[in-house]
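Note that the chains take the letters A, B, C, D, E and F in the order they are written out, and that residue 1 is the start of every chain.
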Amino acid sequence: MQTHKAKRVEITIEKIMQSRLSDALVKADVHGFTILPVYGGSGRSGLWDRTGQVGRAEGMVQFICIVREERLDALLTAAFKVVEKHIGVVNITDCEVLRAERF
Amino acid sequence: MAEILSLAANNLLSPIVLCFVLGVAASLAKSDLSVPEAAAKALSIYLLFAIGFKGGVSVAAHGVDMTLGLSLVAGVILSALLPLLAFALLRALSGLDRLNAAAVAGHYGSISIVTFVAATSVLESSGIASEGYMVAVAAAMEAPAILSALWLISRGESGRMDASLWREIMLNGSIVLLVGAFFIGMITGQEGLDEISSFVVSPFKGVLCLFLLDMGLVAGRGLAKGGKLLGWGSIAFGVIMPPIGAALGLIAALMLGLSLGGTVLLMTLSASASYIAVPAAMRVALPEANPSIYLTLSLGVTFPFNLVLGIPLYLAVASFVFGA
Amino acid sequence: MAEILSLAANNLLSPIVLCFVLGVAASLAKSDLSVPEAAAKALSIYLLFAIGFKGGVSVAAHGVDMTLGLSLVAGVILSALLPLLAFALLRALSGLDRLNAAAVAGHYGSISIVTFVAATSVLESSGIASEGYMVAVAAAMEAPAILSALWLISRGESGRMDASLWREIMLNGSIVLLVGAFFIGMITGQEGLDEISSFVVSPFKGVLCLFLLDMGLVAGRGLAKGGKLLGWGSIAFGVIMPPIGAALGLIAALMLGLSLGGTVLLMTLSASASYIAVPAAMRVALPEANPSIYLTLSLGVTFPFNLVLGIPLYLAVASFVFGA
Amino acid sequence: MAEILSLAANNLLSPIVLCFVLGVAASLAKSDLSVPEAAAKALSIYLLFAIGFKGGVSVAAHGVDMTLGLSLVAGVILSALLPLLAFALLRALSGLDRLNAAAVAGHYGSISIVTFVAATSVLESSGIASEGYMVAVAAAMEAPAILSALWLISRGESGRMDASLWREIMLNGSIVLLVGAFFIGMITGQEGLDEISSFVVSPFKGVLCLFLLDMGLVAGRGLAKGGKLLGWGSIAFGVIMPPIGAALGLIAALMLGLSLGGTVLLMTLSASASYIAVPAAMRVALPEANPSIYLTLSLGVTFPFNLVLGIPLYLAVASFVFGA
Amino acid sequence: MQTHKAKRVEITIEKIMQSRLSDALVKADVHGFTILPVYGGSGRSGLWDRTGQVGRAEGMVQFICIVREERLDALLTAAFKVVEKHIGVVNITDCEVLRAERF
Amino acid sequence: MQTHKAKRVEITIEKIMQSRLSDALVKADVHGFTILPVYGGSGRSGLWDRTGQVGRAEGMVQFICIVREERLDALLTAAFKVVEKHIGVVNITDCEVLRAERF
């Protein structure tokens, strides 16, 4: 099947920042992303999981954005501004997509 | 004194407190007992709805008296001032830097609605009435403390508060539900209560038990994880600040002319520390502050203190003052 | 007329409607108040179980009368015919293309069980009895409309309906639970009801309040997101179609010889629009149709209309007809 | 005999059993009816809390009698010995290899708390009292069987049991909640019960209905998926083992001098098979054993058997023995 | 550690299509996949998240299938038939797997 | 934006093994990972999804660990010991990360 090169960006970020990251992405003209729930994790701030949470302040989500290579830098710049002071991880993978006209 | 002890003992052996203790014990023992996130949230929606609704019905029954407006104003002032006091106390007692101290201080100006609910249920057991509008005062006390906390650090610095954060704080789900249910109760009055009392009244205490079981689990996990981060100074703050807050609440209540029940509730509100609304705001506005510190203090130290010892203490003191 | 107004006012100020309004207001104000998905689903399971069970118990008590079978047939016919009417009306009033018009039309032939439950609870408050088997009629009315909608577009085209979709529709969770609980109620009768009435009867209205709070939140979000997609023609359709449906329901009820309560329920069923079963079927069978249109119309326009104005209107009209 | 049949018929037509049947039917028909995971867990937390609490209150009321300790010991012994019997029977009846046979055997020594709850509710309907501490016996019977099962295979081999698994088993959420609620009930006694009885008593049966609906859905799905894995020998084991366990339970109960109600409960515990605690332990300690086999047998065969036929049978037999 | 080349295919699709995609994959002899819940997202049909849903019709899930390269085309063809008319995204990444005998 | 090469390891494993895998990773000095909930799946042991579960024994989770290439082998060895006898899948992808100092 016909596929096209693209970039897959995965951003793990605090749930409380979700709407801010969404807004920032949309402002940077990145309109396509999928948000996955995160169940737990570990990092410099230690181990956590969903069962230990009381409020909106805790927990993380994971954004997955598929973008054309030429849009990558705009995306990263927009995302970085939001992620900068906050805990979280950003990683980028090469991928191929079907239906490239959508990206 | 004997009365305080008997009250405290009674409180200690209530199913509500015992459920909390069970939760703490289970999580410290690393049991995998847990209440699903969605269920815990559903319980809290129930509690907020029921407490708000009943408050509204009671206002409908007793009419809106003069002190309502004054009480709201008093709540806002208490919430705004308590963080300054807390900040000074923290800086004196603990080694926390300004940033973390301000973040913690914000929590102590704001309130814990579950502590409020527990106090209501102690009052009920003792047959003491209280002003229905205290739930509105509770809502009014949630947010001002956040502004004070941010002001404590951003003096000089550019604002950390943007419009969207401000809206998020004022319209956070708990406030909206509490206030909304309050108005629904006020509008539908006794008739509305009759329709749904077997939902909002009869099972209330039992639901509160399960909710406190979950709170215990969460508090225990917080202690296990964040406890070592807290120095003795911070822990001391966590149990000294509540009675100080309660004392200010008492003074305000006396000035307002609240009933015995209302006084206990305003003391409890002033004594309690937020662990939902304020942490959320702090993660956005002060991401550099360490959530383990403020969450553990508020939820792991002050919440249990108030639940187990504070509430009966405030009730005893208020009874003494009112009896005199 | 005075009676209608008073009924409507009464209904407007019931905790149920006010909870819905609170939900709409909270979501339009962009509060983060939300009921967890799992909790909302649990509430709906409770409501379906309780309403089905109580219907079955009532049939067990009053016996199966002749009209039961006829009512089921009438329900199927209404459900199958209403989409044709709705389609014609939509094409006249709005600029929707055939595909989207057919998709919307399917929703208006089918039913909203929550609207039905709300009507039951209004009847109860007014002390009006109704046929227990109306819940079975509700179940019978869910699916036929879907076939009509698909027929409206696939005339000529090859079938969009496969066996597995058909099975999914007929055995969707809501129908199975409603009908299953109905049979359990019929089998266990009054004795069964006595065993579990403090679960299925007493807290019912309170649970319905919380459920409608969530419905309000969802409807509000839908309006905020999908509202701009709807032209005035579509919105007009959303409030004109229900009374038309109700009128047909009234005629059918009179032909069947239903009681006053049963008549109001059949009117409400005919007037209500699906927002669960039909959208699911449409996503599979008509993926090209825009879900924002049919969901917003059904959930954001027609559901509130029925809840707030429609039900008291149908009750008033039916009372008038029965009084005459 | 007539009595047994009438008991069984009565039981068959109770809302509880019918809800289970509805669940099985819905899932075998591949309906998408499902109870959200979080809701099912919340229901089970409620049931464990209520049953533990009420047991504790009853112990507080009747005092701790001599047999409590002996009953706990008897429970531990039954739990440890039943797997050996089950293993021998399985090897004789089915073609299961040693590993899978041992895994299955472990489930039958342990208990199903929902079966226990269902038995309690049958006793209640029949107005038969039972020892409150039977919930503690239930807790005591959960774990020993796991050790027996592991011993059955690891003779010779190095241990499959590490300290952390052991702790997980002993402190699994269900045990902690059941035992914790039991102590809370014991401490707060009748007074505590009065406070929360409209939560833990009145709606209990209704909640149990919904829970069994979910159990039926899960059991049905298990049967649909795992049924073909089970040979006739295994299925026979699944219905023969429970009465054998019940017989041993009966003997132990008579030796302990339990009341009629207590006897039925000990029989039910011995007859029931675990489907939560033991599977979890087996996945860790015996990952090579096939979960479809033990889960399907325990949940898809033995649970329904006990719920529908076993409990009335044990009650009839015990009544006969006590009547004689 | 010994690893082997494979392809990681990620398909984001409406929840209502989950069983249809499962069936199609199994029919195409793709027996291994993992399904993740999706919390929200954004695309040409706008921003959505779980809290705004009423029924079965909404929401998405994400399939992750690890396949040997030679099975990729069969998988994509099968998946595409299901995804075609529906909203959703398909992307493919190169990966390495442990225990290749399982794929 | 400045990015750095790293490896993305995805481990799908039974939920009951979650704490054991966490512990093993931390012991192997892998302190950064994110755990996603899994909704369902299919493998040699058949099709399953969350709605069919009763207890803690069932269900899976997915660990995602971003590590520097030189830590990969230690991670895989640690993970493999836990996964070995259990059902589950491990795959590795090349990726780029922002803020490399965190890894």
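Convention: a residue touches a chain if its C-beta (ideal position, glycine included) is under 8 Å from a C-beta of that chain, and two chains touch if they have at least 3 such contacts.
These numbers were taken from a predicted model, which means no experiment stands behind them.
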Report summary line: Between D-F and A-F, more contacting C-beta pairs sit at A-F
Report task. Compare the CA centroid of chain D with every other chain's and tell me the farthest one. Result -> A
Query - Distance between chain centroids, defined by C-alpha means - chain A, chain F (Å) - result: 18
Query - For chain A paired with chain D, centre-to-centre distance based on mean C-alpha positions, whole Å - result: 45
Report summary line: Whole-angstrom distance, CA centroid of chain B to CA centroid of chain D, is 41
Report task. Please compute the C-alpha centroid of chain A, do the same for chain B, then give the distance between them in whole Å. Result -> 35
Report summary line: Residues of chain D that touch two or more other chains sit at 32, 34, 36-39, 42, 172, 198, 202-203
Query - chain E, residues touching no fewer than two other chains - result: 36-37, 47, 56, 93-94
Query raised in the report: What are all the chain pairs that meet the touch criterion?
Result: A-B, A-E, A-F, B-C, B-D, C-D, C-E, D-F, E-F
Query raised in the report: Which residues of chain A touch chain F in their complex?
Result: 10, 12, 36-44, 47, 49, 60, 62, 73, 76-77, 80, 83, 89-94
Requested in this report: Spell out the part of chain D that touches chain C in their complex, as residue ranges.
Outcome: 13-15, 18-19, 22, 25-26, 29-39, 42, 125, 198, 202-203, 205-207, 209-210, 213
Query raised in the report: Hey, which residues of chain E end up touching chain F in the complex?
Result: 1, 3, 6, 8, 18, 22, 25-26, 31-37, 61, 64, 66, 93-99, 102
Report summary line: As the complex stands, chain F meets chain D at residues 14, 16-17, 20, 45-48, 50-58, 85-87
Requested in this report: Mind listing the chain D positions that touch chain B in their complex?
Outcome: 36-39, 41-42, 45-46, 49, 53, 167-168, 171-173, 176-177, 180-181, 183-184, 187-188, 192, 195-196, 198-200, 202-203
